[in-house]
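Consider the two complexes below, in which chain A is the common component and chain B and chain C are the respective partners.
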Partner chain A sequence: MSIVQVTGLRKYFDAVRAVDGVDLAIEQGEFLVILGPSGCGKTTLMRMIAGLEKPTAGKIHIGGEDVTDLPPRKRGVSMVFQSYALYPHMNVFNNIAFPLRAQRRELKFDKRAIREKVENTARLLEIDMLLDRRPRQLSGGQRQRVAIARAMVTKPAVLLLDEPLSNLDAKLRANARDELKDFQRSSDITAVFVTHDQIEAMGLGDRIVVMSEGKIQQIGSPQHIYDDPANEFVATFLGSPSMNILSSDGFRFGFRPEHFLPKTLNDNPDNARILQYYVKRVEYLGSDRLVYGYVHGHEDKLTLAKVPSNVRVSLDIEGDYEFAVHNSDIKYFDAVNGRRIEQQNLARAL
Partner chain B sequence: MALLAWILHNFWSLLVACLLALVGLRIVWRIHKYGATRDELAYILRRSPFYLLVLTFCFFAAAPFLIMFMHTFKTDGDLYRRPQPFVFRQDPTLEHLDALFNNTAYLEFIRNSVVVGIAVVIITLVLSLPAAYALARLTGRWGERAAILMFLVYLVPPTLLFIPMFRIVVLLGLKDDPMSLIVVYPSFTVPFSMWLLSGFFKAVPPELEEAALVDGYNRVEAFLRVVLPLSLPGIISTIVFTFTLTLHEFIYGLVFIADTSQRTLSVGVPTELILGDVYFWQPLLAAALIIAIPVGLAYNLFLDSLVQGFTMGAVKG
Partner chain C sequence: MSRRALPAFPFDNRRVVGILFLTPALLYILLLVGFPFLLAIAFGFSDVTVGDTDLNFVGLQNYMAVWENDVFRQVFETTIRFTLISQVFILIFANILAIIFTQDFTGKWFARFIFILPWATPVSLAMIGWLWMLDTKYSPIDYLLLQTGFLGPDGILSNNRNLFWLATPDLSQISVIFVQVWRMTPLATVILMAGLSSIPTDILDQAEVDGARFMRALLQIKLPLILPIMVIALLFSMITMFGDMTVVYVLTRGGPVDYTRVLGLYSFQVGIEGGNLAQGAAISLFAFPLLLAMAIFMLRTASRAEVQ
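Take a look at the complex of A and B:
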């Protein structure tokens, strides 16, 4: 049974279709990442689940109950905001106790119970020595932990996170990602995480929802959406550098730079497609070499190859080389709507 | 009395002596702390033009009040015979202060002004807090239009409004009653306070409120627990501004209330102490000075938030 069920959800801001018909089921205990470029409607979708935005059409169920018209406080969700939204006039203890005090009447918390819960949560997130500080005296990473502690202290059914790592510097971010994942797994909470960063999405998500222009493009595990993209948008949005897309008669095909290797490295040349590749320039990136060039017959499109540095193939001289891609690594897309076409259906489609 | 006379006779010498003593003490303290080195003396010399400039500005700001203070104690003869604002040629007297407190209704004016001021401040806050919050958060077209409309009301001058307002006051049976001022003053304090407060509310990030909503509060509670504490400087400046607006309002106070004992300071003092073209300068100045002191203290106490209030209004208003 899914804990959050979203059906036919739409949100229009005047003429702008921010969310345009989304169906989504979020399972109990999973870490779901909503990934998309900025302006794709992912934050609006999350704000509608939280109850901060009223949907134009559609239904939201949380824990089996229809919450579409309920205010945020009656939905059993918590949220970590991008700016953390810590209350600047309260110290850390009062920030974390804030949601407990809000629900004091219904849940009958007394002062001691509140203190105990705040201290337990703070210990779990290793901020128990900061309880007397004000938010402005904290570092970015500490603020983020306080925001998570405040969201977690009431043990919500669903934890919503709106790009909580984007305000941290790069080094801290990798660490925070790891801790967040550990924390989610150990507390067995359902987390919905919105981000535009594909590395965060791939690293954190049990499942990833890829969104674009208010619509869901694909839902699946990180490996599934990387290896088996549903359309050209998903294929090019994930991966860095992104997938090479070349046009053919009536369709387009694409392959990832790391699958595009010199022919001599290919162990199974019978099952591969050989392409004449004109190498223009090579960037040495340490573990890999990034090759810029053109595939013969597709000189209008810059094509990239990512060759591991430890293979002894010389690519230093500008000129023609033979490169190969496994047939299974080539994805075919409809030239009109960008939808994926299976290779065996290709002949029929043409 | 003899001491007061001595102080007033030597007022300026005493003031200069006090300042010199302060400067001297500071120099002694610095030398005690850092030692009487060549650097230290050079530092003191280098700073002296700065302090001179500060003293000059202070004098310009304070001189009117100092002169008001001195004139309060001057006899008529000393005041009118070739005015010499800075010196006493006859002994000072307390008769004008005595006249102000015992022959006029000065204390009643103060009481009326304070009652009217506090009542208007309360009414203004009750009306303008929710209104300003709505204006700050309704950022759509209608919110902007409403804000402009409200401000237009503030721009209609009381000199146009006092006749229709008087009709209303008579209709309500509030003529000669300070209550009439409590009813009418919010007509200009509410738009002004709304404009001031909405600037402060706009400075509170909406996410903080949204966080409070998700944390389990409704909109009113979120406003009371998050927005209000964060805009406390704005609320304090609104209180001070509103109070001083009512304190110096003249036309309504003059027109609505003819009964002397019911009048407020701004009307009562000039009508009692200016008869025709005769100005009773000493009690007039004393009356103005006495009421200026608490207001000045309030302004200085909340100076930071007041400045913030003005600049914020300048940017966001």
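Take a look at the complex of A and C:
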């Protein structure tokens, strides 16, 4: 059974439709990532699940109970904010103990139980030696752990995380991602993670919800969303550099730069589409060469190719080459609404 | 930057612009604060009067005379008492009002505007208003109490038709403190509102998700976080109040007897009305070390709370 059930959820701020009809079921124990560009409504959706924002319409069920009109404290959720929102005037111990004390009456904790729980959680996150420090004496990574400890200490049904890694520097971030995933898996908690960073989303999510303009564009596993995008938005939003999109008669088609390779590398030319490619510029990125150029007949659109460095084919600037894409790697989209069209249906769509 | 690269236009020179921008503030401080202050110190150590303006150094004579004066001692005590009592009420009301005014409700802007009026009105004008409200014979408050049966022949509060707001020892003191609280609460409220709205929304949201109800969020999150700003608000209103003479000058002239005579008024009465400039200066300077110590202590507390 789903632990969180969102049905027909809408939130309008005057004329702005921040969340515009979202249906979503979050399963017990999964790591769900809500991914989208800024302003797509992902944070508003999460704040409504937390109870910090009142929906304009729709229902939210948590653990089978309708919580749409309940305040945050009655929902069994906890949250980690992007800024970590540690209470600056309290030491780490009191920060972590705060939700326990606030919910003491509901959860029936005595003083000793609180101390025990705080210490256990702190040990789990390896911050037990920091309990006497104040937030300002902590590094970014330590602050993040304190915030997670505070969110976990009450053993919530759902842990909501609002871009909690974006304040860490790049090196720490990869590490923190790994630890967060391990931690979530071992504690078997349901996590909802909001981010605009596709690498974070791909790396962390059991499932990814891609949002744009207040609507869900696609839900699926990272692999599924990457390989089988539901529409042009999802196709271009995921992947870096993003998918090349070219126009044809009545439809558009796209292929990823890493699938666009010199024809000589292609072992099955019958199953591939051959394109004449004019190379304008080549960037050496170490593991890859990133090639900027134009496909013959589509000179209005800069097209990228990502050639692995172990491919020794020489690519000269201002040279013309034959490049190929596997037919299965080409995705077709409706020219009007951007929706995906299966290749076999293409003839009918035209 | 090399010397040759110095800008040609004088306003491009940082020194010129710096001096230009600082001059008005410096002039203000030197002429309207520094000069009178130094003059008061000079007067305090001299025998200057309105009739004899020669400055003859007399040492601590004025201060000794003032300190041995029973009236001064009572005035000093009254000033401290009025200031402390009113600060308690100002802080309580300002906190409550600041919390109300930072919530969302219809008509908030109008309510804020009305509320700020006591502070925006010139003191003397506002005090004349209160003089009428608290009038011995025609006080509208007395009239209302009379109509509702609290005053009059069978009145609950008094058999008289009036309470004599400014004429009895107890009521005159209560009235003065009340008016001071009425006048100073808006400023403290505005300062506290600024403090409350500077608390990051994330922190308040976090407290809500963590399960804190209104009182816990208020006592454990909001108030501790605005403590430094509260100290500043307190300092402002304490210093203003300690040196104020307008309120009592208009309402009671220090009476009945000496019950509402405060330092500022007494200094004015001795120095200007009585013509003894030297003693007047000495009286007002008595407050200086006290206020200075208080200011230093409070600002230190505030900055310590901030770095935590």
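Heads up, the rule we're going with is that the second predicted complex is superposed on the first by the 349 of 350 C-alpha atoms of A that agree within 3 Å, B and C clash if a C-alpha of one lies under 4 Å from a C-alpha of the other, contacts with A are read in each partner's own complex, and residues count from 1 in each chain.
Simple rule for what comes next: contacts are C-beta pairs under 8 Å (C-beta built on N, C-alpha and C of every residue); 3 or more make two chains touch, one makes a residue touch a chain.
Just so it is clear, the model here is predicted, and its values are computed rather than measured.
After superposition on chain A, the partners chain B and chain C are seen to clash.
Once the two complexes are laid over each other on the shared chain, residue contacts for A:Pro72 go to chain B and to chain C alike. When the two complexes are overlaid on their common chain A, residue A:Asp249 makes contact with neither chain B nor chain C. In the overlay built on the shared chain, the residue A:Arg134 is in contact with chain C alone; chain B does not reach it. When the two complexes are overlaid on their common chain A, residue A:Ala85 makes contact with chain B and with chain C alike.
Contacts of A:Ala102 after superposition on the shared chain: both chain B and chain C are touched. Of the two partner chains placed by the overlay, neither chain B nor chain C lies in contact with A:Asp110. Once the two structures sit on top of each other via chain A, chain C runs into chain B at 297-305, and not at any other stretch of 27-35, 45-53 or 297-305.
The intersection of chain A residues touching chain B with those touching chain C, taken from the two complexes, comprises 50-52, 71-73, 77-79, 81-83, 85, 87-89, 98-99, 102-103, 150, 154.
Interface of chain A with chain B (complex): residues 50-52, 71-73, 77-79, 81-83, 85, 87-89, 98-99, 102-103, 150, 154.
By the touch criterion given at the top, residues 205, 207-208, 210-218, 221, 225-226, 229-230 of chain B touch chain A in their complex. Those residues of chain A that touch chain C in the complex are listed here as 47, 50-52, 71-73, 77-79, 81-83, 85, 87-89, 98-99, 102-103, 106, 134, 136, 150, 154. Touching chain A in their complex are the following residues of chain C: 200, 202-203, 205-213, 216, 220-221, 224-225, 305, 308.
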